[in-house]
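Can you read through this structure? Questions will come right after.
Chain IDs A, B, C, D, E and F follow the sequence of writing; residue 1 opens each chain.
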Amino acid sequence: MDTSRNFWTFLSNHLFSFLGETAFMNFTMGHVVMIIIGLILIFLAIAKGFEPMLLIPIGFGILIGNIPFAGAEHILSDDPENLQIGIYQSGSVMNYLYFGVRYGVYPPLIFLGIGAMTDFSALISNPKLMLVGAAAQLGIFGAYAAALALGFSPSEAGAIGIIGGADGPTAIFVASKLAPELVGAIAVSAYSYMALVPVIQPPVMRLLTTKKERLIRMKPPRTVSKLEKILFPIIGMLFTCFIVPAAIPLLGMLFFGNLLKESTVTKRLADTAKGQMIDIITILIGLTVGASTQATTFLTAKSVGIFGLGACSFIVATFGGVMFVKIFNLFLKEGNKINPLIGNAGVSAVPASARVSQVIGLQYDKTNHLLMHAMGPNVAGVIGSAVAAGVLLSFLF
Amino acid sequence: MDTSRNFWTFLSNHLFSFLGETAFMNFTMGHVVMIIIGLILIFLAIAKGFEPMLLIPIGFGILIGNIPFAGAEHILSDDPENLQIGIYQSGSVMNYLYFGVRYGVYPPLIFLGIGAMTDFSALISNPKLMLVGAAAQLGIFGAYAAALALGFSPSEAGAIGIIGGADGPTAIFVASKLAPELVGAIAVSAYSYMALVPVIQPPVMRLLTTKKERLIRMKPPRTVSKLEKILFPIIGMLFTCFIVPAAIPLLGMLFFGNLLKESTVTKRLADTAKGQMIDIITILIGLTVGASTQATTFLTAKSVGIFGLGACSFIVATFGGVMFVKIFNLFLKEGNKINPLIGNAGVSAVPASARVSQVIGLQYDKTNHLLMHAMGPNVAGVIGSAVAAGVLLSFLF
Amino acid sequence: MDTSRNFWTFLSNHLFSFLGETAFMNFTMGHVVMIIIGLILIFLAIAKGFEPMLLIPIGFGILIGNIPFAGAEHILSDDPENLQIGIYQSGSVMNYLYFGVRYGVYPPLIFLGIGAMTDFSALISNPKLMLVGAAAQLGIFGAYAAALALGFSPSEAGAIGIIGGADGPTAIFVASKLAPELVGAIAVSAYSYMALVPVIQPPVMRLLTTKKERLIRMKPPRTVSKLEKILFPIIGMLFTCFIVPAAIPLLGMLFFGNLLKESTVTKRLADTAKGQMIDIITILIGLTVGASTQATTFLTAKSVGIFGLGACSFIVATFGGVMFVKIFNLFLKEGNKINPLIGNAGVSAVPASARVSQVIGLQYDKTNHLLMHAMGPNVAGVIGSAVAAGVLLSFLF
Amino acid sequence: MLSTLLIVEAGERVAGKSAEEFGKMDPTGIAMAMIAMSIVFSALIFLYFTFKYIAKLYNIDLKKRFRKSRPDIEHTEAHEEISGETLAAISLALNLYHQQMQGLEDAVITFKNAAKSYSPWSSKIYGLRKSPNN
Amino acid sequence: MLSTLLIVEAGERVAGKSAEEFGKMDPTGIAMAMIAMSIVFSALIFLYFTFKYIAKLYNIDLKKRFRKSRPDIEHTEAHEEISGETLAAISLALNLYHQQMQGLEDAVITFKNAAKSYSPWSSKIYGLRKSPNN
Amino acid sequence: MLSTLLIVEAGERVAGKSAEEFGKMDPTGIAMAMIAMSIVFSALIFLYFTFKYIAKLYNIDLKKRFRKSRPDIEHTEAHEEISGETLAAISLALNLYHQQMQGLEDAVITFKNAAKSYSPWSSKIYGLRKSPNN
C-alpha cells in the first residue's frame, strides 16, 4: 500500500514535471511574436508567391526555432542537461546542420548553383552595363555608414551593410564571418526586402528620372559567341579575385558553376549543381537560418535597427544605380545612351529588379522592352556585391 | 648470396605475415553467422521483395562489417596500428559515414523526405482516426516493460521499446541517443519485423474481432481542401512539439517536408527532399547500420533478446490499435463506428499495415474497401511514434 | 583641416595597403606557370574533349588555388591573420571541402557510383580475362620501384606507383593515406595520363605483338544470367576483401554500388548513386584537388618526378597486360586463345583503353571487333588496381 | 602540416543518469506506459479537435473568403471533389495499373539501359570522350 | 566507447580587432565607402575593358581561326545569330508561354501525383513491396 | 558564444614507420612487386575459378530451379540470349546511334534551355515569382 502510494506520487510527479517541460509552460511574448513572424513569411510565400523557395524554409525554421522548450540554455556537448534539441545545443541535429551557416560553408555552394544557372550573355554583349552593377553597390556602404551612426560596431555595420547587396548567400557569408550572432536577423531582413523590390524601387526610379530619359531606346544587344561565354567565367574569376582575393569563396564558386554550364561538356555536373545540389543547400540554409532566430537572441533593438537599415540600403542602392546611369549618359554619344530605368537593376535581386525596369519602361512606351538590357546590370550586381563583400572582409575580418 | 638469402627470407616473411592478416586467418564462427544473416537479408529483399531499399544496404553492410581483418581493435585516431578500415576505427571512411547514425543526424533528414512524400488527407478528412495511431504506440511501452523485466537497463529498454513504433529512422534516432551500442541490433530488428507485418498482424486481428465487427462499413472520407493540407503541417508541428519538445528533430523535419510538398510553391525542394536527398541518406544509413553489426559486438544474448522483444512489440501494438477501436466504438453512434480491422494500421509500417487491413477486410466482404480508411491511422502512427520517441527521450536521456 | 588631412592620409594608406594585398602584388612566376597549366587542362577538356568531367573542375580549381593572396601562410584556426580564403587555411570553405580529399572520404563514394554504373557481364562471361586485369597492375609496382630508385621515400613511392592503376579515385585514396602532401600532383598526373591513354598505348601494343597475334579471333562471349550478375558483387566483395582487407573502403563500395544496380529492386538508389551523388562528389573532388596545387607547394622537383613516373607506369602497365596475354596463350588451346591487343585494356581507364583495343584491332582486320572482349580486362583492372591499393596500404600505412 | 579535426574519446555527454533514476522508481515500466500513453494521446487528441474544428470553421467561413481571393485554387479543388467510395475504387484501379506499368517500365528500362550513353561503353565518368582514331 | 568529434568553445579565430581599428579611423564610414566603391568599380571596369576588347579581337581574328578548327560549333552559332529586338520579343513570348505552361504543368503534376508509385499508397520508402495475399 | 569544431594540428596517426622498415629491407622494390603481384593475381584467380565454376553449376542445376521459382525473370533472360557477335555489332551500332542522338539531344537541350522556367529570366532561385504590376 505504501509502495502503491509511492507509485502514484511518482506518477503524478513525473507527469507534472513533464508538463512543466512542455513549451506551454515556457513560452513568452517573444516566442509568440516570432511564431507570428514565421507564419507571416509562410503566408507571403504561399498566398503572394514572394520568394517561396526561401521564405517557406525560413518561416518554418522560425517556427521550429521558437518552440520554447526547457533547458535551451544548456548548450555544451558534455552538459548532462543538454537535451540536444535546440539549434544552439551542440549534438542536436539542427546544430550540425547550422554548421554550414555558422561557418559560411553553404553560401559558396549556393553560388556554385547560381553560376550554373546564370546566363551572362546580356553582360558580355554590352559590357559597359557592368558599371551600373558596380554603382548599385553604393547601398552597401550607405547602410554601413548609417549602421555606424546608429552605434553598431564596425564589424556589425559591415555585416548589416551587405544587405544592400541584395544577395542572400552573400549576406549570410559576410555575416557569418563578421557578426555570427546577427546572421538570422540579417538573412531574414535581406530576403524580406528582396521580396519587396517591386514595392521599394518604382517610386525611387520615378523620382530620379525625367520623362525624356524614361523613353530612351537602347540598341539591341549583339549576339554572343560560345567562346566569349566560356572565356567570361575564366577571365571574370581571375580578374575579380586578383583584385579582391577575399571574394574567392563566393566568386570562385560562382564562375566555376558558370564554366560548368558554358563549357557544355560538363552539362551533367552543371545540371546537378543548379538542381538537386542547390536544392539541398537551400533547404538546409533556409531552415537553419530561420531556426537561429530564437526569440531570446533575436528580439532585440539591434534586429529592429537591422530591418530599418535594410530598407534604407535598398533605396540607396536604387539611387546609386539610377544616378550613375544619368551621369554616365553625359559622357555617351546620342544613340549609345542608357535608359536610367535599368539603373535599379544593379540591385541584383535576379530577375525581380530587371522585371521592375521592364514594367516601368512599358508604362511610358509600350514598345520599349527593357528586360533584356536590364539583365546586364542585374547579373553584374551579383558580381559587384560579391566584390564588395570581399572588400568588407579585407578591412573588417 | 647472404643478401639474396635475406631477400628471400624477407619475401616469405612478409608474404606470410600478409596471409596472417587476411580475413581467412581471422574469421570466427560469429563472422560466418553474421555473413549468413547478411546474405539472408539480401535474398529476402531480391527474391521476396521485402523492403529492398533497406534490406539490401543493411545486408551488404553486414557483409562489409564482418570481413574479419586483423587489428580491428585499434580504433583511436592516433594509434599507429589503426589501419582505418573498420567502421569503429576513427579515420576510416565507414567511421565518417557512421557519424550520421551514431549522432542521430540521418533519421531527421529521412523524416524530411518522408514528410515530403506523405499525404495526410486521409487523416485530415477523419481526424478521429488519429487516436488509433496513438493507441498502437502501446507496443512501444509494452516492449519497454518487457525489456526491463528481461534485465535491460532503462536506457536500453527505451531504445528497444521504440522498435514497436515500426519506424526505422525513429528507432535509430532514439537508439543513437539512449543506447548507441545497440543501434545495429535495434535497426535490423525494426526493419525485419516491418517486413513481416503481413505475417504478424493477421492472426492477431482475427483473434480480437468478431465477424460482425469485421463487416462494419465506414463512411467515405470527405474531400480535403488545399488550405487544410497546408495548415496541417504547420498546426501539427506546433501542437505536437509544444507538448513534446524532445520530438522536434523528428516532427519538425517531418512536417517541414510536408509543408514543402503541400504549399505547392516549393515543388522542386520537395522533389529533391523525397528524391535524391532521401536516397543518399538511405544508402548511407543502411550501409553503416549494417556494417555496425560486427560479430564481436553484435552476437550477444542482448541481440537475441532484442529480436524477441521486437516480435512482442509488434503484437502488442496491433493489439493496442484493434482493441482501442473496439472500445472507441462503444462511444460512437451507429453509422460512425470504425471497423476494427483498421486498428492494426496504427502500426505505422506505411503502407504495409494499411494493406493488411484492406486484404483482411476483403476476405469478409468483397466490396468493403478499407485501404483508404486505414491510411489515416497509418500516417497518424508515424506522428504517434515520433511523439512517443520524444517522451522516451524526455525521461531517459 | 588637420582632421581632413588625417582622413586623406588614412584613405590613401588603406587604399595602398589594400593594393598591396591584391594578387597582383603577390604573384610569382610559379603562380603564372600553374595558372597556365590550369588553362591548358580546361582547353584540353573543352576543345579536345579529354575527360571534361574531371579536367574542368581540376583546371578551374588550379586557377582558384593559385590566386596569390597575401597571408596564405596563416593556416591555423585561431590565427587572427588567417583570412579563411585558401584551401590550406582552416575555417575556409575550400578547407572544409578539402576534408573529403585529405582524409580519403570522396574516393569510396565515387567508387559507389562507379559500381552502380559498371556492367561486369563481359567479365562474368569470360572470367579468365580477370587475369589480364591483374597483369596490368605491374605498372603500379614498376613505378614504385622506379620511384624508390629516384630517391622517393617508400610511402611516397607507394602513392606515386598507384598512378599506374589508372584510377583517379584509387590514386587519391592511397595518396591521402600515404603521402597527403602529394595528392594534388598525383591526381593531376593520374588524370592527365588517363586522358593520354590513346596516345601512349598504341605504339607499345604494336611493338609487342606479331601480325598473326593481332588477327586472333575470340569466341563471342556467352550470355550472362541475372543471377550471376547478382552473385558477382556479393562473391567478388567477399573474396577480394577476405584476401586484402585494406581494400574494403574501395571494393566494398564498388561492389555495393554494383549490387544496388544488379538487384534491380533498388533501381532508384542506384540511379542516385551513379547520378547526382557521384556528380556532387566529382565537382568537389575535382575542384579541391585542383586548388590544392598551390604553386608554393606544387612546383617542386618532386612534381616533375611524379609526372615522369606517371608516364613510365602507364607504359609498364600496358607492357604487363599485353605480355601476360602472350604468355597465357602458350597454355591455351587453339580457338581459346586471347588476342593480345586486349591486353592493354587491363589499364582500367574505362572505356578508353578498351576502345584503343577495338581501334587497333580494326586496323588489322576490319571485321574483328575487340571492344566487347576488351571490356572484360577493363573492368577487371578496376578491381585489380583496388586490390593493389590495398596491398600497398597493408605494407606501407 | 595540414590541420585535422581532432577525434577524441572524451567530451561526450554524461547520459543515462536520469534513466537510472527513472528505472529505480518504475522498475516494471507501468508508470512509463501510463504517463507516456497519456501524453501521446493528449498530443493527438489536441490535433484531432483542432482539425475537427477547422473542418467546420472552414466549411462555414474561411472557405468563402478564400474562394473570393483565390478563385484559381478553388477551381482545382472542384476537381478534387470526388466521393470517398470512388477514391477507394480508383486507388485499387491504380494499384492494378501500377503492376502493369511496372512491367512496362521494366521493359523501357531494359531498353534505356542498353541505349543510354552512361552504361557499359562509357561506364566510368572519367572515360575518354573521344579516342584519336575513333 | 565510440569516438566523437570534440566540440569545444575555444579555438575560434580572434576577429574584430582590425575592424575596431578601421572604425576608429573612419567613424563615419565615408572612407570605407570611397575606398570600397573605387575597388568595386575598378574590378568591374577591368572586366568591362577586357570584354570590350575581346569582342573586337574576337570579331577580327579569333573568330576566323576558331571557325576553321571547329566548324560544328560555328554552325551552332549561326543559329544563334538573332537580333536583340527579336530576342526581347521572344523572351516576352516565352514569359507568356511559361504562364500557360505552368497551368498545364500543374495539371500534369496532379495526374502524376495520383498515378506515380511513390505517393500515398507507398509513401514510405520502407513500405512493403508486396503483401502476401495481395 | 557558439560552439565550434576544434581544428587542431595534433592527433594525427603516426604513419610512415612500417613504410620505412619495408623500404629498408626492400630498397629496390622488387620484393614489393613480387609479393604484391602474387596477391593481386591470387585474388583475381580466386574470382576466376569461382565464376568459372558458378557458370557450370548454374547451367546444370541452379538455372532450372531458379526457372521454376521465378518464371518472370527467366522470361527476361530469354530476351537476353543473343550471341556475342550480335552483341558486338549492336554495341557498335549503338555507338553510332549515340553520336546521332547526341546531336538530337543537343537540339532538344537548346530548346529546353530556352523554354524552361529556370533560365535567364528566373535564374536565381530567390527571384520573385510575381511582381505587382506584371
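Basically, a residue touches a chain if its C-beta (ideal position, glycine included) is under 8 Å from a C-beta of that chain, and two chains touch if they have at least 3 such contacts.
These figures come from a predicted structure and were not determined experimentally.
With steps allowed only between chains in touch, the distance from chain A over to chain E comes to 1. Taking each chain's centre as the mean of its C-alpha atoms, the one that lies farthest from the centre of chain F is A. The chain pair with more C-beta contacts between its two chains, of C-F and A-D, is C-F.
Sharing over half of its contact pairs with C-E by residue number, the repeated interface among C-F, A-E or A-D is A-D.
Among the other chains, the CA centroid farthest from that of chain E is the one of B.
Put simply, the C-alpha centre of chain C and that of chain D have 38 angstrom between them. Measuring from the averaged C-alpha position of chain E to that of chain F gives a distance of 29 Å. For chain F, residues touching at least two other chains, in rising order: 3-9, 11-12, 15, 22, 30, 35, 39, 76, 91, 120-121, 129.
Residue positions of chain A touching 2 or more other chains: 14, 18, 49, 52-53, 76-77, 84, 90-91, 103, 177, 243-244, 265, 275-276, 282, 371, 391, 395, 397. Within the complex, the chain B residues that touch chain F are 6-7, 10-11, 14-15, 18, 47, 77-80, 82, 84, 91, 265. By the touch rule above, chain B contacts chain D in their complex via residues 76-77, 90-91, 123-125, 127-128, 130-131, 133-135, 137-138, 140-142, 144-149, 153-155, 157-158, 177-178, 219-228, 231-232, 235-236, 239-240, 243-244, 369, 371-372, 380, 383-384, 387-388, 391-392, 395-397. Every residue of chain D that touches chain A in the complex is listed here, in rising order: 11-15, 17, 22, 25-26, 30-31, 34-35, 38-39, 69-70, 129. Residues 6-9, 15-16, 18-20, 22-23, 27-30, 32-33, 35-37, 39-52, 54-55, 58, 62-63, 66, 73, 76-77, 80-89, 91-92 of chain D are the ones touching chain B in the complex. On the chain B side of its complex with chain C, the touching residues are 14, 18, 21-24, 27, 35, 39, 42, 45-46, 49, 52-53, 56-57, 60, 63-64, 67, 69-70, 83-85, 91-94, 96-97, 275-276, 279-280, 282-283, 287.
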